[in-house]
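Both complexes shown next keep subunit A, but they swap its partner, so subunit B is in the first and subunit C is in the second.
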Partner chain A sequence: MLFDKLNLLFLATVAASVAYCLAVPGAFFVQVILWATLAATLGAGIRFVMLVGELNIGTSAFYGIGGYTAAYLTTAYGLPFGVALVAAGIAGGLVAAVFGYATMRTSGAYFMLISFAFAEIFRMLVVESDFLGGNNGIIGLFVSVEYEPYFAATVVAILATLISALAVIENSSLGKSFIAIREREEIARSVGINVLAIRVLCLVISSVVIAVAGACSGFITHLVTPNDYTFMIAVFALAYVKLGGEEHPTGPILGAILLTLAAQYLISFGAYQQVFFGTVIAVAMILLPQGITGRLRDLVRLTAKRTARDAG
Partner chain B sequence: MPAETQPLFAAEGITKRFGGLVAVSDVSFEISRGEILGLIGPNGAGKSTIFNLISGFYRVTRGRTVFQGQDVSSLPIWKLARIGLARTFQHDSLLKGMTVRDNILVATTQFIRNPAEREKRMSETIDIMGLGEVLDEKASNLPHGHQRILSIAIAFSGRPALLCLDEPLTGFNQTEVLGGLDIIRRLREEFATTVLIVEHNMRAVMSLCDRILVLHHGKLLGSGSPEEVQNDPAIIEAYLGKSE
Partner chain C sequence: MSTFIQLLINTLQIGAIYVLFSLGLTLVFGVMRLINFAHGEFFALTAILIAMQMGWLLPDAPFWLQYVVSFATALGVLMALSVVIYQFGLSRFLGDLSSGFIFSLGLVLMMRGLIGQIFGNYPMTAPPLVEGAIYVLGGAISTQKLLVAVLALIATGGLLYLVFRTKLGMALRAIAEDQEAAMLQGIRYKRLALYGFLIGSSLAAIAGGLIAPLQVVLPTMGGELIMKAFMIVIIGGLGSIPGAIVASFLIAALESFGSYFIDLPVVTIGVFVMVAVLLVIRPQGLLGHVVR
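Right, the complex of A and B next:
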């Protein structure tokens, strides 16, 4: 089936990217691959919470929590890259548990607004915190020199693994429980699902992955600032999901790759880049309501039907 | 009281008030183990309210509900389900975007974590409900009859001690009604399931139930075997109006 092929395509893309990063570690295109990988992780993470039916604008805050945790631990205590990633994941998960427990009793527009407020509060707290460098942020996240040639390949491999883990969970019985809650919460309750706990768990899993990606983003740019983690991150992530299609886990990855490549040509647009992303969301929703993967699936089904009819 | 003689479920003077409206007023009844109990009454009699009070979707204003000797008046719905009190829904009773198999999987997985045992339980459910041929269909694409049966399958997946069915036979043709009744009877015979049923199809209720509770204006008007209920003048009057 189409979705099996997309899974294979995903694995092939990851393998090729890792190989390229190992072969020519200093190339400009390695940076593009890294940006696309971060974007894909953001898309996969925001889509994961959409499984329980919620749009988490706070995705940007969890991305930032990961980035700042890694930056602080690396610069203040000299912890290595690997430890910083784990710490970032734990920090993201813990904050998500508390935030989720307090807010996931709400849903729909209410949760979206609260998560938007959370994204803004995070940004303002960072700006006001001197130990996090305020507006200037924290500079100086580096991996050790001898490790440098393997860094990009490692980031791609780790984040691709986490994206795959999200897809595996989605297909498990836990993932079906997420979707059951989105489909009809009363039925989920009536068959013994502790809806609040499962919704929070979904947010925690997503946030751990997002925070690890945030930590990677810090090591890629060697610097974290409040401006790197505004709610626009979540808007971009939503654009990847909407363009690629949200029905299948490979949708946001496809969207992320396409938009990252497009953005390479739009850097000169400056602020208009954001207009571009907003336009992409709007146009995708009008022309491709199911995203590219959804459109492909419809086409495949149509062709199969025609073939069957012609044969019959 | 020893477990065998203790009623499975008891409503003790339950009252539900919505603002100024008293939907259910001081109703008491018991459900014995293994019984099929019907709950009938004209529209607006409070059947749905009682149904929602039993299954935890509403909280009693006064009184209490007791399940297997435990006061469950304030238990959340999902906990009630886990201790063996399940319900179906009259409307939107399925996870429509998911396949039949996934509907049953979601309902079963809350009770059985072990994948092999879960598969076994699921095929048992699928067999008894006769859903084997539509497993990979999206629930929303099923014909109406299958949809109603699937909603029973979802509620039955946890093998509840008390299964509450909210108008399970609505919209069925005569053959489907017979099939549905057969399934409900088998649940009791093969799994010792106790059943509470709200249903408008009187002929079906009369043939299925051991005992029937009649509600009128939020109060218990009477109870008894189908024959007793059908011959009770007060009940006939509530249903058909005064005879001239």
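Right, the complex of A and C next:
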């Protein structure tokens, strides 16, 4: 009931954002919409791996793989925006398959730790790689001039489609096996689910989406540097999920929008922005363990129960 | 030969710090079933507090006395902070791995931001405790490094005694093995979890205190160390004390010898690949059991 309304609200928000980006392409608020869209994709992507019960701190590395793939291909070979996005998605998926094959045998704490290490290793590898520009990164990701007015709207539309695709997969039988693996791995295995393969597949799907978002982030800022893709990306993604609520796909989107808007306001606070985000995460974990959408759902249920009791 | 001895002593010194730090991490995991990401921040904060106090707290006293006094106050501050963090935060997430981890990530952001604001994001140095060098088999070793290694090994020995020879240690091990069975035996879990957390945090703080006079103190040093500690506890097996000790010296040896013959970042990346391969063969670590 409530979640149906949230789905509608999501579609309406996407439509309004696309329309706004087309109507006033140069406006400052278009940038805010783009940041919120990237944030929402990150939140949706990290939540997707949580469906099999894992916290993937390596999300930031896949974001970076997308950004760097797009940056390298466009600056070195002059590939257009669309091709760069596809290539970024493929690169993210391939790395996720290899990384997942090794690490998805573990679960819980071990996966969390190794995925964090992966995030740090990715950053170190980039700093050490001269062809990726080392510490300075790669500058010069631009879309063609005639395409510029449609760029923001395209990014919002593509990423919103990918977020919706994740939600569709979640509701498919594949999504059901993700949750079966999270809840009772032995039972999932006993009915013939190849647990390792499905877990790797989950990571790959999430990473493809994250990598495409990373490629978009490169085109938005026109440059990629190692510092854009630290594990903090994953921390922020987790903050969106936790604040918005992880039960429903719209939760991280809500969290992403709220925190992106808050961040715009907080830029004037400088370094205290970090403290603010940390406080939001910590306080949300204590006061809103189910997130905003979870809390809303409880409230709706409670009101329904009260009305039913008063009527009867 | 002299290079070899120097690298060996270097391994001993780095390894001793890694042992203290990762033992704290693994102990907290064993007792509370969560990974405290802010462990690295405890380490950095102690080192910063010591570097800041020396030369200011007791300007006329000898260096060793300044060091002892500032070490003690820093440890006190860290313990008080740990109690607050436990009571208002972590105690709600006992056994809840993902929530506890995310909460501690929030703590990391808060602490990093505040440390940067209060103490400044620039490097600090503490004066050396002792000058000079000792010659062993033709290799020169700075007395300071040797002293730190010895102190760290003494602290590790103290922890091992506490965990394996005292009643408190027995209770902590019982909880790590089977929390419900331990509670049935009358062990007060919540209180013991607090003790476990305090012991674990103080190990991070002691490691930070010992590193302070050896190297430049930076607010970001906790983040670098915790990544290595994660690798160490994966290799050794989460919750395994012998595993953490063996893996710490293994990583320290690889880094110490590797950075002499190759490049340190290359070694770190190599260690990661090694850990990934290890996970394919033995997902529970070298000496670990399957943790669910």
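Operating definition for what follows: the second predicted complex is superposed on the first by the 312 of 312 C-alpha atoms of A that agree within 3 Å, B and C clash if a C-alpha of one lies under 4 Å from a C-alpha of the other, contacts with A are read in each partner's own complex, and residues count from 1 in each chain.
By definition in this document, a residue touches a chain if its C-beta (ideal position, glycine included) is under 8 Å from a C-beta of that chain, and two chains touch if they have at least 3 such contacts.
Every value quoted in this text rests on a predicted model; they were computed, and no experiment measured them.
Participant: Should A:R105 be classified as contacting the first partner (subunit B), the second (subunit C), both, or neither?
Facilitator: So A:R105 only meets subunit C here.
Participant: For subunit A, which side has the bigger count of touched residues, subunit B or subunit C?
Facilitator: For subunit A, the partner with the higher number of touched residues is C.
Participant: Check whether A:L287 is in contact with subunit B, with subunit C, with both or with neither, and answer first, second, both or neither.
Facilitator: Once the two structures are laid over each other on A, A:L287 reaches no partner at all.
Participant: Pick one for A:S177: touches subunit B only (first), subunit C only (second), both, or neither.
Facilitator: first
Participant: Which partner chains sit in contact with A:Q274 here, subunit B, subunit C, both or neither? Use first/second/both/neither.
Facilitator: A:Q274: touches subunit C, not subunit B.
Participant: Which of the two partners, first being subunit B and second being subunit C, lies in contact with A:A308: first, second, both, or neither?
Facilitator: neither
Participant: For A:I187, decide between first (touching subunit B), second (touching subunit C), both and neither.
Facilitator: Touch partner of A:I187: subunit B, not subunit C.
Participant: Okay, in this complex, where on subunit A does subunit B touch?
Facilitator: Subunit A residues touching subunit B: 173, 176-177, 179-180, 183-184, 186-195.
Participant: Give every residue of subunit A touching subunit C within the complex, in rising order.
Facilitator: Against subunit C, subunit A makes touches at 50, 55, 99, 101-103, 105-106, 108-110, 112-114, 116-118, 120-121, 124-125, 127-128, 232, 235, 238-239, 242, 271-275, 277-283, 285-286, 289.
Participant: Taking the complex as given, what residues does subunit B use to touch subunit A?
Facilitator: 55, 57, 76-79, 81-82, 86-87, 89, 92-98, 102, 105-107, 109-111, 118, 154-155, 157-158
Participant: Please give the residue numbers of subunit C that touch subunit A in the complex, ascending.
Facilitator: 29, 35, 88-89, 92-93, 97-99, 101-103, 105-114, 116-117, 227, 230-231, 233-234, 238, 265-266, 268-269, 272, 275-277, 279-280, 283-285, 291-292
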